[in-house]
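In what follows, chain A forms one complex with chain B and a second complex with chain C.
Now for the complex of A and B:
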């Protein structure tokens, strides 16, 4: 076999978007303006739960340049991705602090802002539901009085009328009750954290116009352009074919740009000014609280083992704080149930995952989609269980690690291809963090150095018909253009896809031109760029398109070379005879068809197309959770080493480690970077972030002045990343997804490290020194 | 986006600045002097600040001085915090202002602006209070010089229309042993839970604090406790805690109890750091 000098998969190729970004030459959505564009600004709620008695816009109309003012009356209907429960503009009542109430459209942004500030709203305050625990009480005030009437957009959502339960997902596997009675060792603990935010560097922005022929043209900072089309069609009755969505590169998303909030608002605004182009750009404060954020959680986990530490029974109660509307939190509730156990083999599982309405800003997907959250709770429980059994926590994880032949909580049978190697990840992580050297020690300066470990898994719960498509269009110089609706959000997806094209066509990656911007009119359909699914879905589509292109190239070449297609091979920019590689034709001579010396021409441009759709996925059974909601699991182990100061409870993160089994790694450099970025995000969430709520449900830190994030300089001194590459049989080149995984175990690992350092149990995030100090104080009081 | 129009003036001399102010005031306008502009931008965009006109002091040569003039260190009010740190002319001041905001903001934030901050911290005042700084003001009554302690009571109290031209510090203070400590909720970048600037002059500790009470302060009562050699460190700290000029604050940065804990720790750290200098 001839060696392929053009290989690209597995090579640390440079990111194809790096130069433009480093040069500051990328134009993002908000960077564009056109003559005549109008600007929209929102008036938002200053109360968390209140009836709207009146909205007075008299003063706003006096501001020069104002063209339109609209309120919730203009569209008194509910929309949503899973359960349609949210009016785009509040009507009758407001349900969270920062909720959109009215839109002002004006010639200039400052005019719209001033006019929006002058809108006077009269409220009748209602009792505020300020936590999931309050929301769950039987006599709690109702946030949605008629949730049972809401339209279901997907099947697996179960609102309970007359309660604040937006959805309830159950897992019933084996016989938990009986197994629990027979357990030798038992632990039951509760964990919690507040809602927080994605805080991507680029705030959300959209431009919408309705042109005179009725086409609705949207430019958006979105991970889901085809979902925007779906939403505008479903709820605004616009033909799907008449909606065009453009997406340039995105300045970070982390799940926060996966849902649809601004587009309907800007559409209504444009409609109010005769279809003129309207730009709606969120200020940071709106991006933090008006736009949907990251869920809060209260989780209670009970685990039981036999005498030797083998897990026999697990019970999981997840109260997910979805805020005022379910949005993607309803899907997160489902995802939390699907993978509720973490990567452990447990025969008897009982899980109740509730999506709870509260009067908090609402939540949507956040990188990891339920997994960083449930993993925090599961991994803290594992450490506390290990303590009770007097077993090394790494050993406890190793003996319970899930394996091929076991089944998931939804009873999907696992095999070597659909799940990575959990045990190997644990083993490698243990080695790299020098676990055997000791997990806790005191330094000469009186500091405590401690380690924490966390094991995790995640399957991606896409739509059962989630799909992707790709088009490869050849240029007369033999290079190729790739069009695919995967969105570049900084994760490097365009580079990965280019590598697959180069590998398949055995050509130089510099000859693969990837269209960075997405246009729904010209790019094939793609479900969304979420759920760590793009390498898998778009990758398969790209390979399929490459095969189609190869067949076309061979066909044209077979005519040119007067041979059969079977005799031909492709590589190095040529199509050549397998037995006589020196005899062939350059791709540039057949890219637009082959022209014979006499002028006659055949075939024409090579345009390869490919597609891929999820196979054999099913929804879950309502009563037991039985089903196959995801195609595969990527698994991993993470660890943290901290230096904790017992004097003042402050700490430094010395090391953050990820060992991931994501199947074949297409680009080791971008994959390492993905893990580092994920760890940073996870650590920021675990140590710094969270909204603080007043007793009236207002957000006390709605600005980056007060909303704490991990800053440059706070990151771990040392990042360690390693991969176990157990191939996925049906993944492109054996790849599974890796995008979200760096985040997942961080909160668990950090909390385990700090709990070990301070010798207390830290079960609440964020892990602020004050929190550690408080828990230590209570612990000392208890033990006196 | 700032939701209102405003006029912008950039005078090139002290007199021009004062005249501009007087003219605008006579037109019944709301006028602000500013230099770095970070607070004007961030507060006015969220409707917490308004001005019809702003007067930029960066063009005035006197406000940009940063040098030793004989036995005095002279710092113009428009000098940026980063420039002060990089000059290393008064290390305690340089170290203290280096902990304010983040690097990019400190390229803009001026010392005059920080002394006038609308936030309660104003940490740049701490090293100036312990060094008996004087302040040169100008206004329609002309230039006047005042000890900083006479002007600074919780905040800088000067007449409308006046602004700080320069801050003077006797050179002797710039070489004394010092400590600058700042404790935040968690990040390096953040408002202080406790911030302290202290130096030792003639074996006596001088200390000023921010973050603990709703304003920065230097307290002679607390200093005399810290300098009372008949007390142990622990006794000094206990006693100092009872002499705060107002109750310890509680806000989203920290609870009262935790702040008290951090205050005591930080004071202990300060005493330990200055122990050698006092001996």
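Now for the complex of A and C:
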């Protein structure tokens, strides 16, 4: 085969959005301003759990410029993506500190804010449920009195009426009870961390108007424009075709912009002012606590092995703190069960994954969707188990690594295509972190250098009919426009898709123009831009569209060149005869149809269309979890080396390492960007982040000044990234997903490294020096 | 009625080498004025509390949080926003070193780096860190940004040496 000089897949093509972003020329949702636009501001709850006795808006109406004030009475119904349990504006009671209570619409934002501040709410405080453990108690106050009556939007959600359980997902594989009795070595430990936040630098923002013909036009910072259409249709009775959602580029999302919260509020606000355009832009404080954040967790894991360290039985209890509403936490609960074991082959698995209501701000998807969280617990358990067996922790992972022929907790059979090579990832990581040189050393200055390792996997629990579409429209200069509703949230997806177009059409990538903004009226349907699924779903759709375009180009060319289509090849901006490549026609001469010398014309514009839909996925069985939840698993191993100061428990992260098997890597540089960024996010979460709650359930740190995250200089001194590229047979060019994976093993690896450094067991996040100091103190007291 | 400081005054701001008329309330921040009246949206609103640096602009060449500056305070002072910086070496380095993902923090970081290169061309790692800690990035993990800043400082040194 002749080598393609226009190859693009596998090449570090520069991001197509970088120059405009460096110039500050990209306009994000909040950057658009229209004369006459009205501004909405929320009044939010100052209580975590209380009955609403009255809402007095008298003083608010006295502020000049106020056009409308609405409260929960205007829409006393529940909405939600999985279980419809959340009123967009609280009515009857509030369930978290920061919950929306009322909206003020005014000419200027400062007027709306002033008026919102003047709303007087009278509460009757209720007993606050301040942790998942409290929530789980049989005599706990109920946060949702009628959860059994809520409408289920997807099948796999099981609220338990009369409790605070929003959903309960079970895995029953093999015979755990019998296997556990026969285990030689056993460990059982508990792990926890509080809710935290995505803290994307761009706060959420939306504009909505309702035009006189009934069309609802939404501009939003969203990862899920078609879900906005679904929600407005499902709960507000607007025809799907009458809802148009526009999405410009997004300033970071990390899963936090995947669910629908602001859009219904702005819709209600616009409706209250006769359909005029209303903008609702969250302040940082609202973005942190009013908008949904990252789950909290309490996990208990029991692992048992035979004499040689082979895992025989695993029991996993996940109490997921979903806060006041289930939102995507109900899906996370399911995902946590699906992959509960981590990438280890265990024949006997028992998992109870609970989505727990508490009086905390509610949680939604966060990059990794249950996996960074469960991996922290699993990987800490593996290290503690290794200690009990007196086995090297890397060795323990190696002998238990899952591989083709084994089955997942939901009993999906694994093969060489649907799972990456776990053992190879472990081996490469071991090498790159120099594990054999020793995992713990004291330096001449009295500092401790220690390493920690963590292995992980993840499948993407998309909808079973998740899909994507793409349109390729040719220009008379031979270039091509790609329309696809994949959203650019910073991950570089538009560049990846352009590379696939260039590769398939064997053309210059500079001739591929990608529409950066998404418009649901003109772009084909795309499930969402979440779950590391876009390269896979949209990639397949794009390849399909390219094949369609190639067929059309060949057809027009066959007329122009008076030959059969079969004799033609495409490449370098031409369609030409395979046996005599010099004989051909330029794409620019057939892009809008071919015109004969006498003026007659045939065919017309080349418009390629392509689509892809998930194949053979199923929901899970309610009692055993049996099912096929996702198309493939990407797998990896991560490691951390720290330098820990035993005097004050402070530490520096010297090295952070990822070895990922994500199938074929389309762009090695954007892939490295994704891994480094993921590692940073995982380390920031593990080392710094978390909401602090008062005894009354209020959030004590709802600002970026007090909600600390890693700043410049706190990052690892060295990031090491490497890829194993075991191809996925059905992935585009063999690619699996990679977007979320950099995050997943970081908390586990950091906690393992610091536990080894301090010679204590660090099972709670965040790993602030003070936390380490406290745990060490307890350990010392215990051993005295 | 609650008046809430609604009266407005026309003042002149010197932005990116141009003199522009703006109509401001005494409470308007520089960030609001730049974005809403002059369409200079490269300065981002992200925390309005001086915690994240996404709104960074240069006033008299010094990096400032536009969210914490009142418009009235900046009258008669040269203001530079990202829109006034064209084809600079720092912008090129951010592109070349892959220091950009979502791009939301990018203008603030670039202006802060630009000021650092001008004010402290000999900055050591500690100084770089001190300056850059005023800005948050949530996508990159900071390594690429660090490489971009160091590269610009090195280029400056090479230029002045030759």
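Going forward, the second predicted complex is superposed on the first by the 784 of 784 C-alpha atoms of A that agree within 3 Å, B and C clash if a C-alpha of one lies under 4 Å from a C-alpha of the other, contacts with A are read in each partner's own complex, and residues count from 1 in each chain.
Following the convention adopted for this analysis, a contact is a pair of C-beta atoms (placed from the backbone, for glycine too) under 8 Å apart; a residue touches a chain by one contact, two chains touch by 3 or more.
A quick note: this is a predicted structure, and the numbers were derived from the prediction, not measured.
Undergrad: Does the superposition put A:200 against chain B (first), chain C (second), both, or neither?
TA: After superposing on A, A:200 lies in contact with chain C but is clear of chain B.
Undergrad: For A:44, using the defined touch cut-off, is the partner it touches chain B, chain C, both, or neither? Pick first, second, both or neither.
TA: neither
Undergrad: Thinking of the overlay built on chain A, is A:270 touched by chain B (first), by chain C (second), by both, or by neither?
TA: neither
Undergrad: Look at A:468 in the shared chain and tell me whether it touches chain B only, chain C only, both, or neither; answer first, second, both or neither.
TA: A:468: touches no partner chain.
Undergrad: Between chain C and chain B, which one touches more residues of chain A when both complexes sit on the common chain A?
TA: The partner that reaches more residues of chain A in the superposed model: C.
Undergrad: Just chain B (first), just chain C (second), both, or neither: which does A:713 touch?
TA: both
Undergrad: Applying the document's definition of touch, where does A:703 land relative to chain B and chain C: first, second, both, or neither?
TA: Both: A:703 reaches chain B and chain C.
Undergrad: After the superposition on A, what does A:687 contact: first (chain B), second (chain C), both or neither?
TA: So A:687 only meets chain B here.
Undergrad: Of the partners chain B and chain C, which touch A:520 in the superposed model: first, second, both, neither?
TA: neither
Undergrad: Check the residue A:769 against both partner chains and state whether it touches chain B (first), chain C (second), both, or neither.
TA: Only chain B; A:769 stays clear of chain C.
Undergrad: Would you please give the residues of chain A that touch chain B in one complex and also touch chain C in the other complex?
TA: In the superposed arrangement, which is not itself an observed complex, chain A uses residues 110, 114, 283, 703, 705, 709-711, 713 for both chain B and chain C.
Undergrad: Inside the complex, what are the residues of chain C that reach chain A?
TA: For chain C paired with chain A, touching residues are 1-4, 6, 27, 35-36, 39, 41-49, 51-52, 54, 81-83, 85-86, 91-92, 94-95, 98, 100-107, 110, 129, 132-133, 135-146.
Undergrad: Quick one: which bits of chain A touch chain C in the complex? Just the residue numbers, please.
TA: Residues of chain A touching chain C: 14-15, 17-28, 30-31, 33, 62-64, 110-111, 114, 198-203, 249-252, 254, 281, 283-284, 489-492, 669-670, 672-673, 676-677, 679-681, 703-705, 709-713, 715-716, 719.
Undergrad: Show which residues of chain B lie in contact with chain A when the two form their complex.
TA: Per the stated touch rule, the residues are 1-5, 42, 45-47, 102, 183, 185-190, 252, 254-255, 258, 261-262, 265.
Undergrad: In the complex, go through chain A and note every residue touching chain B.
TA: 109-110, 113-114, 117, 283, 285, 647-648, 650, 687-688, 692, 700-701, 703, 705-706, 708-711, 713-714, 766, 768-770, 773-774
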